[in-house]
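Shared between the two complexes below is subunit A, which pairs with subunit B and subunit C, respectively.
Then we have the complex of A and B:
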């Protein structure tokens, strides 16, 4: 019984949260990696892009709520995601036409692109804060829990409860759907293959008649979809605050590079590597050991590898290690 | 000579702007903007040395600024003797332990030929963290529990605070040495991302190691290199000086009581201005010395070598220059200047607040300064520091003015107008972003482009 209890404990505090957080990071990281693979720069504006799209979703959610439309037990925000996607596609294409295209035609260095994306980061930052303000916004409605800790205890008769929030479940389902569709598109369809070809070798792709403007358009569309979904899921699960979204850029970058920049599958795994190590290393395992060890071996400290204050620092440290020893990432980047 | 003309015009415009602020807002406000402009100019010169002189992209500015700030605490604050006696031994012991482990890693790296030595080093570091916690944990707890509301940390050395600026520079250079050893081999965009993330690690260390820096509890009431307002007001010479300067105004008031009341008001308001003026003089001196040195460096054979490395690394390598070593040196020098500026900033603020270090304000804004002002040109970097900080501060009043004009026929209670007025602070981000985008597009070398020096 103690053994089952300890498993439930780990599931509740490590496995489920890390899986959720990892999915959110993975979706974000795939977006960054696609931009890097096709457009060849690290987009520092991505965190604020996520904030922007989530803001659109929130605004439309409020509109729907004011009209009395809701999805019942599901959050209304899911209905608003398509609108957010369309708005994000527009702003991305707008920035691409007004800003990035010029430098692409000039074949500027990657550093110039980074600097320009900093400019866009500032602009998006301002737009989001001016429109919706810098404060925490909770736009989650509908049923909060799929299963509560108390109910779980009652049903199973265990000492340890397992609580699964509906947002965690929704995040997982949506991530699975999005990623399967995306990888099917990239690996099986002709357009997806041409995108990968363009990312792999631009000149060869041009020679074989692939239209670069179409590829770039498509990339921005996919990136907008991913940014909106990732941003909305994160906002539903925690809450929406522009500053947190900016900060999330850092673990997303870490996930991207750990998985091999330019490699979507790698970014997907990278997100989970980062999430599991962040949560797994900062969790205090005392209770776990109390369950599984005999009484005389029970630890009296927290059995925590590093304090939760350093949650972000862990992902950065992983990144540094990966950069030092495997600069191409664990899953070999550079090829889409 | 035409370029020099540009510099003169640009800085005259800035001077006129400051005079406008002085007249229309207040002289104290103008001086406080000026002081932060001077500090920002020092920061952007540091970044300019890295990015403009040798093309290294360092997004870890925030981290080096925080190290400089930490130095002010470690140098100027009086030591907390109880904390030292409670946990000093444990801290020293763990410091020795860390040094030993670093030496061990160094030895492994240098001496041993072993296929998996990289993994060995990583596992050593991973093992180090719980061991460190085991060794230093009790003493850290002891230190942090001593008088937690007011101290709870080891304190500093109780030395004059100006000294800490140099310590900040040295500390920042040492950290830059470590970071440079790790990251400088990376390509530009990887370097940008990794320095950004490493600065994040530095900030979380400063924020959460309370025995060292008090962390989020902040250190307030730091020393000053200039007199305090209250001492000035109680001194004999300062009121006399003010009386002398304002004698024409004062003599026009016949009533004696009113005259003394006005004099006290004047003394109080001008003591603040005087303190800021002292700061301005010190900061300006620092900036001028730095400018002279880096102009000299730019024109020296060393500067030529740096430009050669920046513009064509392979050619420089072929000429026998040790590119890796030069990069490491310039990374350290630039970071030292940034650390110096960080210490100056904390000294000026009089308090050290680790939680205020955010990448947008302390990394990317400095970068905007350099890019806007002119990469590779010292005057450009200084101009960038001035212009950007000026806009950063003055954009809020400007936005308010603009909103009032555009929405002049909308009444004040209108929710849209209220919302816009509330979000005025964020217009500065918009201005920065648009400014950066426009400069990158139409003047990619910045407002004052780099001069080609032929010697």
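Then we have the complex of A and C:
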């Protein structure tokens, strides 16, 4: 019984949260990696882009709520996602036409692009703070839990409870659908293959008649979809605060680089590597050892490797180690 | 002549790399552009493809002046090009490479792919492998097959045998001869001058960006002076 309790404990506090957080990072990291693969620069504005798109979703969610429209047990924000996506596509194309295109035509170096994207980051950051403010916003409605800890205990008769929040379940389902559609698109459709071809060998893609402007347009559309979904899911699961989205840039970049920058499948796995490391290393294992060890071996301390305050240090450490020893990412294989 | 370039002059910056170069090739003909390193062979090819901006000169395809066409328009009008390096999509499978070659074609892609596999049987076995995992000779075959996917009337090859072994070189030249039978005009730049001339109907020898000699393969191969200077004795 103690063994089962210990498994439930880890599932409740590590596995389920890390799977959720990992999905959100994975969606974000795929977006960053696609921009890198096609447009060839690391977009530092990505965190704030996610904040911007989530802001649009929140605004529309409020509008829907004011009209009395809801999705019942599901959060209303899901209905607002398409509007968020359209708005995000618009702003991405706007910045591409007014800013990035200029530097692309000039054939500027990647470093120039990074600095330019930093500028866009500040602009987006300011827009979000002006419109919706810097405070914490909770826009989750609908049913909060699929299984509550108490109910789980009652049903199974275990000491340890397992709670699954509906946002966690929604995150997983939406991530599975989004990624399946995306990878089907990239690997099976002509347009998706031409995107991979363009990313792999730009000159030969031109010689094959692939139109770069279409590929770039498409990339911004896909990136907008991914950023809006990732941002909304993260906001539903935790809460929306612009600064947190900016902070998430680090784990998202770490996930991208762990997976090999430019490699969407790698970015997908990279998201989970970062999430499981972050949550696995900051969890206090005392209770777990209390369950599985005999009484005289029970630990006195919390058995927590690193305080949760340092969770970003874990992303950072992984980033540095990967860049030092495996700069092409830990997954062998194709780029885009 | 089916495809001709007349009085091409141009280069990078202010310096002319090619000056007053002219080339012609007919359907079902193999024409080689030869010459020492830095003679402007590849530049001439880029000029014909519209990658390089010309100061003067014109390019004609089947009587139509295509000098103002952009590279992609030239490809649409039936010219295909195999670059010397980076001529395949290394991270796409062999089959996907061919599909990308046929990007501009709407119908009959599968028949065309099967035709390529008949022409290059060795790459059929590797159709689901990433092209980057193939050997040098096989990559070259994928590169040529990709270029043939658009059903071109003019095929331009930039050093198709660069960096492959002599055995593979013979094999690639044999493939080029087979392509010629499909009534395609073939224009190639080559370093292996002697072997290239053996399969060519005609050849041009470029020296410092200018047409120095031209003539049919036998003539160029047997001329004493040309042999000494360009074909290594």
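Simple rule for what comes next: the second predicted complex is superposed on the first by the 333 of 336 C-alpha atoms of A that agree within 3 Å, B and C clash if a C-alpha of one lies under 4 Å from a C-alpha of the other, contacts with A are read in each partner's own complex, and residues count from 1 in each chain.
Please note the rule applied: a contact is a pair of C-beta atoms (placed from the backbone, for glycine too) under 8 Å apart; a residue touches a chain by one contact, two chains touch by 3 or more.
A quick note: this is a predicted structure, and the numbers were derived from the prediction, not measured.
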item: First (subunit B), second (subunit C), both or neither touched by A:296; value: neither
item: First, second, both or neither for A:319, with subunit B first and subunit C second; value: first
item: Touched partner set for A:197, first subunit B, second subunit C, both or neither; value: second
item: Which of subunit B and subunit C A:310 touches, first, second, both or neither; value: first
item: Between subunit B and subunit C, more extensive residue contact with subunit A; value: B
item: Touching partner for A:3 - first (subunit B), second (subunit C), both, neither; value: neither
item: Complex contact set, residues of subunit A against subunit B; value: 41-42, 99, 102, 109-112, 114-116, 118-127, 129-131, 133-134, 243, 246, 250, 253-254, 257, 305-307, 309-310, 312-313, 315-317, 319-321, 323-325, 327
item: Residues of subunit C that touch subunit A when the two form their complex; value: 71-72, 75-76, 80-81, 83, 86-92, 96, 99-101, 103-104, 130, 146-147, 150
item: Residues of subunit B touching subunit A in the complex; value: 57, 118, 122, 129-130, 182-183, 186-190, 192-194, 196-198, 200-201, 204-205, 207-208, 358-360, 364, 367-368, 371, 420, 422-423, 426-430, 432-434, 436-437, 440-441, 444
item: Touch list for subunit A against partner subunit C, complex; value: 190, 193-194, 196-197, 200-201, 203-211, 334-336
